[in-house]
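Below: one structure in structure tokens.
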Amino acid sequence: MNAARLAGRLAFALLLLAIILFALFPFYHALVTSFRSGSELFIPGLFPAALDPRNYALVFTQQNFGRTVLNSVLVAVAVVGFSMLLAVAAAYALGRVRFRGRGALMLTILGVSMFPQVAVLSGMFELIRALGLYDTLPGLMLANLVLTLPFTVWVLTTFMRELPKELEEAAYVDGAPPLTVVRRVFLPLLWPAMVPTALLAFIVSWNEFLFAFTFTLSAETRTVPVAIALLSGGSRQELPWGLVMAASVIVTLPIVALVLTFQRKIVSGLTAGAVKG
Amino acid sequence: MAGVSLRRVRKSFDGQTVIRDIDLDIADGEFCVFVGPSGCGKSTLLRLVAGLETVSGGAVLIGGEDVTAAPPRARGIAMVFQSYALYPHMTVRENIAFGLETRRARKAEIAARVEAVAKRLELEGLLERLPKQLSGGQRQRVAIGRAIVREPRVFLFDEPLSNLDASLRVQMRIEIARLHQSLRTTMIYVTHDQVEAMTLADKIVVLNAGRVEQAGAPTELYRHPRNLFVAGFIGSRRMNFLPVRAEGMRDGAVEVLLPGGGRLAVPVAGEGARAGEALTLGIRPEHLRLAGGAPDLAGPVEVVEELGDEQLAYLRLPDGGLVTARLESGTAPREGETGALELPPAECHLFRADGSAFGRP
Amino acid sequence: MTRHDDALGLARIRIRAAWMFLAPTLIVLAAVAGWPLLRTIWFSFTDAELGNLSGYRFIGFANYLERYEGEWLGLLADPAWWGAVRRTIWFALVSVSLEAVLGMIVALALNARFPLRGLVRAAILIPWAIPTIVSARMWAWMLNDQFGVINHALLALGLIDAPVAWLADPDLALWAVVIVDVWKTTPFVALLILAALQMLPGDCYEAARVDGIHPVRVFFRVTLPLIRPALVVALIFRALDALRVFDLVYVLTSGSAGTMSMSVYARQQLVDFQDVGYGSAASTLLFLVIALLTLSVVVLGRLRLDGEAGR
């Protein structure tokens, strides 16, 4: 190996290192901070002096964080479940059946996924109030459908399109009505696509802030992002950074674990949603 | 069981007509093969019978009943697809049972019928496997099993053997023929392979550009092709076509001038043939013989293909055309030598300039 | 579906089923997206207030523009609004450009073969998966003027002499937002580019190598043109996303004037000032901007929307 190639390899290794550092350092830093309390916080240092779990205990005792996490999970699970149910049916129609107006419908659904959230904010506020759902979890579930439903329909439609035509025809020849075709033939085949789609929808709902911030008021209905945004300490001036970081780590770890587990599938879901569209 | 009739069936996709006014009757219990080059509309025609496509015009009758507007489930048909289209997430048993379940058959009955079909197709040991754990031939048998378990009035096959390798294809061909013998159900079979068509069919329908060129028994099509297209398509070796000129008519024969100057009286009903008219003479390679006396055709042998039991000799004619002759093994001239061939007049076909054939006795 | 269906052809059965399957989705979308959007647009022509959404008057275009006692009033005459518009567009342009360049570098690096590639690819997904609120908080702490690790590092390296007020200085705060956005979304862009890179045919690279063409030239003449469609789509999605930015700005800088985006402005009017009419007017304008952009992209880019069910 000559000198130029060695230098090239070294530069490449440094580039990779920089990428990894850039990607991971903020999370690492948050992790380190979460184990510090009091004045320790203000001493710079890249490594934790001692693993002090006080912040984690505080988050759950003082902030009722368990309830908050439960709220987020309930909202996300309901929203994902409902979205997937509707989206599979819609994806069959949009992905496999030729009918007048299909292109326009696809365009509309894509358009809805481009909606700025504030554009529906006042109308949604009115709707939620009218239904008596202000400051309730069902209200949030309803609102979050705007974000997850178009996206799940869109991604599942691209996957639905890829399934072989003969399978559907064989099922029709076998005498199956459309509902059976979707339920017994396509649904099982779509599982590999549904996992990443559901996961992405879950992340969207889990991370949602604006609706949750606007349509809930009490601590009992707060979701995780709102709770973290509203975390403040005794003084107005300085935030309890250790506490904030502990909360951040708690809500991030499950998502990170999910993402790492389904890494490959998520990438396929993302590309289906964005590139093939 | 039921026959199938098509009445002036037409189909167009986005303004393009792919099936043009087809009339066809397939008798109850008949094995009918649709054959033709790719894009001739044979698969579309099958899908119209299946109800997977809806006709643009005309009517489809199954067992005398008009099913033109009915979906596949209401037509009493079963279909075997080229790609088999087995449900990949279901076991062999579930694949075969699916069509019975959708018809709300009783559990015990389903189980009994699946077992019977599995036995008949020698699938008993494979019932709990998934399609991906099967070989190509086994998948094919499952696809057939899925079709026969429902005891349909009509079986439809869409190029079912084209994904198999050559030896397996012959074996499955025989199995399908046996199946038809024992079931005696109407079958419609699409293929582009004329050997499959000849060996399986009671009736062959030759399709070209959305039209029926000719329909009839295999020997009928072989002996009496109605036009140049059918003559060229049917037969394991392509018929030779020679440009000839009509010289005159004699009692029940047309005398023609062959390339190279020879004359031949072809025994056909020559109504309407005029002296001097340009015609095409057709002769199958297997009917050409080495000339004993004065040859009808002669020219240098360009290539000889040795097939073991027979030889194929390719002769270049004086007009530049190439003629193929099937000869007994060891009898062909060597490459480069001059070959001399005799045309048995009774085996010759004669076609008008528009491609239509003169009637043969 | 029953006997009744047996009188219909398969095509008609499927089309009827398609509409039945679509109906729930369309109804839900109409209820949670269509109706609220229409109400927002309607509110923008009224003087509605958050506390009393039923008692409002129709006031025409007054929320947008109105001449009152010789002075132009309304959104279109509001310098704060135009500031938000300018900042949002600047933010979208700068952050998306940076993400394109960095995403391309990361994607090219990850496209090479090296040990532990899967692990690195997983690692860069982490910033993307972290909730925006959380990443805003993490970075706010890192960018803290007194105790932040970034100021510490820069001071220690001697790059600055005094702590920098990243989030309070109006000139720097928007850059801070850009940095965090780039950190969070570069992985998304990189993975999309990577997916496109991995679909490229290998033979044209071998041909280029045989011909002895310099790698940089190969990149600009072969790679870039081939992945351009995927890149353009990814960047358009990102740009539309960036134009809507809310969470990040709101939590990182508390939506102070120096960083206020269009979404933050609209929400402030709507919720903090309870002025639903005026806030809805801002929301409507933002919606129009994004809708027009999306439409022109769809028309110009001829996105394939009506593909057939493939084999």
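Think of it as A, B and C in the order they're written, each chain with its own count starting at 1.
The rule is short, and it goes like this: a contact is a pair of C-beta atoms (placed from the backbone, for glycine too) under 8 Å apart; a residue touches a chain by one contact, two chains touch by 3 or more.
The model shown is predicted, which means the values in this text are computed figures rather than measured ones.
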From chain A, the most remote chain by mean C-alpha position: B
Interface with more contacting C-beta pairs, comparing A-C to A-B: A-C
Whole-Å separation of chain centres (CA-atom averages), chain B against chain C: 59
Distance from the mean Cα position of chain C to that of chain A, given in whole angstrom: 15
Cα-centroid distance, chain A relative to chain B, in whole angstrom: 57
Residues of chain C engaged with two or more neighbouring chains: 5, 10, 13
Residues of chain B engaged with two or more neighbouring chains: 52, 71-73
Junction residues of chain A, two or more chains touched: 164, 166, 172, 177
Chain C residues touching chain A - in the complex, by the definition given at the top: 1, 5, 10, 13-15, 17-19, 21-22, 24-26, 28-29, 31-33, 35-40, 43, 48, 50, 53, 105-106, 109, 112, 114, 118, 120-135, 137-139, 141-142, 144, 146-147, 149, 152, 183, 187-188, 191-192, 194-196, 230, 233-234, 237, 240, 243-244, 246-247, 250-251, 262-263, 266-267, 270-271, 276, 279-280, 282-284, 286-287, 290-291, 294, 298, 303-311
Residues of chain B defined as touching chain A within the complex: 50, 52, 71-73, 77-79, 81-83, 85-89, 98-99, 102-103, 146, 150
Complex contacts: residues of chain A adjacent to chain B: 164, 166-167, 169-177, 180, 184-185, 188-189
Contact set on chain B toward chain C in their complex: 51-54, 69-74
Chain C - residues contacting chain B, complex: 5-13
